[in-house]
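Here come two complexes built around subunit A, the first alongside subunit B, the second alongside subunit C.
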Partner chain A sequence: MALASELPAQSERWTTFANTLKKRAFRSPSDSFTSVFIFGLMLYMAWTLIDWAILSAVWRAEDVEHCANAGGACWSVIAARHRLILFGLYPYEEHWRSTLACLAIVATVVLSCLPRFWSTSRLVTLWIVGFGAYVVLMDGRLIGQPVVTTDQWGGLALTLFMFSSVVLLGMPLGLLLALARRSKLPVVRGAASLLIDFIRSLPLLTTLFAAAVVIPLLLPDWLNGDKIWRVIVGFALFFACYQAEVFRGGFQAIPKGQFEAGKALGLTPFQTLSRIVMPQVFRHALPSTINMVVVTFKETAIVIIIGFFDVLASANAAFGTVEWAPYYIEVYAFVGTIYWIFIFSLSQYGEYLKARMAVAKR
Partner chain B sequence: MDAAALKLRRSRRDMLVQTLLVVFVVLVIWVAISTAHTNLTELNMTSGFGFLERATGWSYSFSLIDRSIDDSYSKTLLIGFLNTLFLGLICIVLSTILGFAIGTARDARQLGLNSLATVYIQIFRNLPLILQLVFWYAVLIHMPGPRQAFTMGEVAFLSNRGLMLPGFNVSPTVVLAMFAAVVLLAVVIFRQKSLQPVQKLLLWLVSGSGAMLLLAWIFAPADSSIFSIPAQQGLRFRGGIGVPIELVAMILAITLYGSAYIAEVVRGGLNEVPSGLTEAGKALGLSSRAIWFHVKVPMALRTIMPPLGNQWIFIMKATTLGVAIGFSDLFYIVSTSITQSGQTLELMGLLMLSFLLINYSLAQLVNFMNARLALKGH
Partner chain C sequence: MATNIAKIACAVAFAAGVAAPVTAAAKSSTVTAIEERGTLLCSGHNGSYFGFVEVNDKNEWKGLDIDMCRALTTAILGDPDKAQIVPLSWAQRFPALQSGDVDVIIKATGWTMGRDTEVGLQFSLPYFFGGTQFMAHGDLGITEAKELDGGTICVEAGTTIERLAGNYLKTLGIEHTMVSYEKASELRAAYLANRCDAFAAWGPFLAVLRATELEKPDAHIILSDQLSNEPIAAAMRQGDEEFVDMVNWMIAALLIAEEEGVTSANVEEMASNPPNPKIARLLGVDPGMGERLGIRDTWAKEMIAATGNFGEIYDRNLGEGSPYKLERGLNNLWSHGGVLYAPILD
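Right, the complex of A and B next:
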């Protein structure tokens, strides 16, 4: 019986689909021609891609001699070199630690997308725990494993490390800068505006290069730290300046009356800010913040230029030997797919949130 | 405590906070200067801009004007600056045109066009720019050599030596004059109020090519043709305009990435045009092309312009990635100069100043365009 009652619904859905197709793809002869041509082209491209990547591909590392006359991709290079791409120069026996550490970061990002974690204390705890787990696993000192220093971290693990430390450092710094920019004190406001506008008008590469090369000239040795930390701080400053503008947009959406109402109720400025204003600011700023996080993840790839062994650098190394040199496309396709999956899912999530909030506002 | 005393206490506290901030900033600057001084003395470096007149002694991949390794640092930096501007402007123009086309397709009801545009945007926007750049560069250097070059009707060639295009048989100065003439014509023609946009565009294309041909005819050497067509000769090409692979890869990567972003901006703008306006256009019997040109785009431009300006600035900044594949943009020249001459602080200062200048000019241009677009009386 249940089946019988579902049947009309099924066919109804089918008619709606057919109607949409009729309206949007086959309205007139020229319309139909365009549709058939474009969908034919897309099917052809998809088929070529599937044929190259799956049907005619060589998969196993041992079969590399078949690659030259196979018509498709040579995934042998990935089978043989994926550890180098994912973990860089990290000691081979310790790769399980690197894997767990990467999973910790991915889990942190995924969990922070769940509304259940959307309170300041939970988010902060989550990120500190996730990031802490990463560092403890990678370093190994605290869990009684052989110590691996930061200069041996590499590949995808390094990319995720840079990304998460930039977000973790940059987010509170961005909030601080946004608050400073709205301060009543002219000197504080002026300094924050100057810093934000200056960093925002420079290319990221300039900021990172300055952090890597110029800062050692300007600061006494004891303040310099490792190059990786300087670059992370520089990158976090860049993130913070953009994020401060995102927060500023959130602040502008709060009516002035709310501050006054807080004052009238006898709340201290800090209470008004933390209990009334900030929760709304975070809400308003959420879609743009996710966009900012996505952009940061993409931009992390440029640390290769200032000499870090990130996933792009290890990809270049993966086809850097005579044996694997012809299969650069496969290596880039592999790295590109990893990036694409991360970025696509995060940005789709951002779009979903934006749509959900638009409904709530109506 | 009365109100006056509270107020006084508060203003004292404010003063204290601000003074502390100023003291802190001054302290940081003082430490930076004194450390830089000791570090530079240890390295036996003389600070200042005297090095700008020294010869560089090194070469690089691309220049619009004549260069040699005996050029001074100032000339080399100028070449880098010109390269950045040149690359940035090409990418801005190409990705804006492509972005408008794809954004319009993304806004279209036609399902095929819409899906194609969506796939394009989702692919190119969701991959890091530098990954796309090194990918295209790797593809280009693996192209066949000049003997097996891909060719388009024997006038343009693509090989691992770069892209060879047909051009005019004239000196760079005349090319500059041609460019000036084309820009001048654009300014004159697009100010005419009596012409339709399509007419303006056609008139500009025709008169622009005419002016270029005329200049080429006047200035080309008497004994040869006014066109210079590349021809394969042994392991290289003769004649034509050679576009090095670094530049091809930069233009390709930045344009694909930038156009995907601009397409989203354009789609957003077109989407915000009230549907009543397009329906009114239809009711008046306007063709869909006329609705696009006279109703949708003029209305949408007001929402599109500010984020479009941000994309232009982003594209200008993205030229710095040239250093990853050895294209001699300003950042490449500056970082090479730093390793060669050691004048880190001066060169970084010049680099930052150049980008502030570029971004400021672009922002001014966008403001000007915004003001022109604003609805009269609002």
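Right, the complex of A and C next:
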């Protein structure tokens, strides 16, 4: 009975679809020809991809000898080497720690994206707990496990940690710099402008290279710390200077009248800023901010040049032995998928935020 | 007999009051720092460099250069696992050495004048020789670069190899087209896709590439022309001659051990019953090996027990015992037709 009532609806939908298709793709003979050609090409490509990636692929690490004749992807390399790609040089027996640490970072980032956590106290607690858990797990000293020094941290675990630390440090710093650049005090304003323009005139690679290699030559030993912290601070500074300019764009979009109106209502400058101006700045700056965050995620791969074993460097190492060398395409596809998952989630979250903030405009 | 003479000479020297300058060698500040730290910081790579620096399935380093690091660590600290491998990119290795991020660079690094002078490095004895060579598709049926007339040559962009190959072919009067690629993997893909007839690169790299070409192992031929020969050596900071001595004698001990037939398998036996005075000195049965470097007399014995002699290290990582099957060639001992030799152990 239920089936019978659904049938007309379905056939109706099919007719609509067929009509649309007819109108859009098969209006004239030349249209039809082009459409058939393009659809055919797309089908062919999709089939080739599916055949390569799934149907003719070899999946298990033991079956690697079949790879040469299979004609499809050799996912054995991922089966055998995924722990290297995900965790870099982290000691093999301690991988449960880096797995947990990875989950801690992802959970921290996901939770801080939820509106429920958007208060200063909650966010700060969350971040201290999340990042603390990561460092404690990875380092192992405080939980009585074998100590793993930062030069052995690697893979996806390192990429995620660097990315989230850079954004978390850089975002407030960027806001501070943007505010300093709008300051009425010429010294503060000048210093902020100088810093922003100076850092923005340097390539990221130079900044990171300086943080990793040059700074230790200048600073006394006790101030140096591990290379990873210097690099994160350097990267965060770079991010902050760009983000400051994004925020400045947001500030400039706000009519002067609103500041004056705030003054007329008897609000203090801080109240005007936090209640009237900042919420609008965030809204204006949102698209560019999401863009900055996505770009930063991709740019973390640049740390390979200063000897960090991030997910891409580990991938290079993964196909860097004689038995796995022919399967670099599979490794790159795997790493590409990892990047895609994270970046796609980030940009989808950006869309959600935009929709949420659009409510205020109605 | 010889040991007795040495003892007598030592006694005489002592009696004459000149023992102090002869025996009490100044200890290297780098070695002292390594002993205090308890680990030796050695260069790794930000990825893999076939045969020299690789990472195995258990996320552990291996390769010829890694074994040299482990040998040096055993010599100084007595335990190969105390080597701490710091991942470094090519560009980063020299600044990292200067800033103290590593104690020594053992990373397929060629000894050049610029590095020796302007960069301010100190090089050890060469432990490896590798030169630029051509590899061509086997079905072309050629064996020499002379036969490459009208061919397309692929090279890595911006390297010395690009210039070297161009000059070499020009001297021979060979018409050719040069195509350059940024990355080794692109270069490899282009060559395998028949974009070029031949490809110029570092000899060991070509051999490794040929070995990794699993589908058609014999489909490629490495041409006989040797375009250059680069000595590969360990690089250290200037200003610590004692550490240079340490690294030189580490390499020398590995070579002498091979020359004298001391292997990781028979080292204990040789030490308990040394067949000649040279081996007795090498393995610390007779004193002198360690004292003069400011470390233990048995360092070479422990090192050979842990990593084997140079021949064993080579075979394990590049030679017969490895998938690469790279012939010793120039990298054999002088007595076997190669160019490797050790200074005199007196």
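In the analysis below, the second predicted complex is superposed on the first by the 299 of 362 C-alpha atoms of A that agree within 3 Å, B and C clash if a C-alpha of one lies under 4 Å from a C-alpha of the other, contacts with A are read in each partner's own complex, and residues count from 1 in each chain.
Going forward, a contact is a pair of C-beta atoms (placed from the backbone, for glycine too) under 8 Å apart; a residue touches a chain by one contact, two chains touch by 3 or more.
Since the model is a prediction, treat every value here as computed from it, not as a measurement.
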Simultaneous placement of subunit C and subunit B on subunit A, clash or fit: clash
Which of subunit B and subunit C A:V106 touches, first, second, both or neither: neither
Contacts of A:Y328 with subunit B and subunit C, given as first, second, both or neither: both
Subunit B versus subunit C as contact partner of A:A317, first or second or both or neither: second
Touching partner for A:T206 - first (subunit B), second (subunit C), both, neither: first
Subunit B or subunit C, by number of subunit A residues touched: B
Touched partner set for A:D151, first subunit B, second subunit C, both or neither: second
Partner chain in contact with A:F37 - subunit B first, subunit C second, else both or neither: first
Partner chain(s) touched by A:L84 [first = subunit B, second = subunit C, both, neither]: second
First, second, both or neither for A:I276, with subunit B first and subunit C second: neither
Partner chain(s) touched by A:V214 [first = subunit B, second = subunit C, both, neither]: both
Touching both subunit C and subunit B, counted on subunit A across the two superposed complexes: 209, 213-214, 217, 304-305, 316, 328
Contact set on subunit B toward subunit A in their complex: 14, 17-18, 21-22, 25, 31-32, 35-36, 39-40, 109-116, 119, 122-123, 125-131, 134-135, 138-139, 142, 313, 317-318, 320-321, 323-324, 331, 335, 338, 344-345, 348, 351-352, 355-356, 359-360
Of subunit C, residues touching subunit A in the complex: 44-50, 54-61, 84, 86-89, 91-92, 95-96, 98-101, 185, 208, 211-215, 322-324
Interfacial residue positions of subunit A with respect to subunit B in the complex: 20-21, 23-25, 31, 34-35, 37-39, 41-42, 184-188, 191, 198, 201-206, 209-210, 213-214, 217-220, 298-302, 304-305, 312, 316, 328-329, 332, 335-336, 339-340, 343-344, 347
For the subunit A and subunit C complex, residues of the former touching the latter: 68, 80-81, 83-84, 87-92, 151, 209, 212-214, 216-217, 227, 304-309, 313, 316-323, 325-326, 328
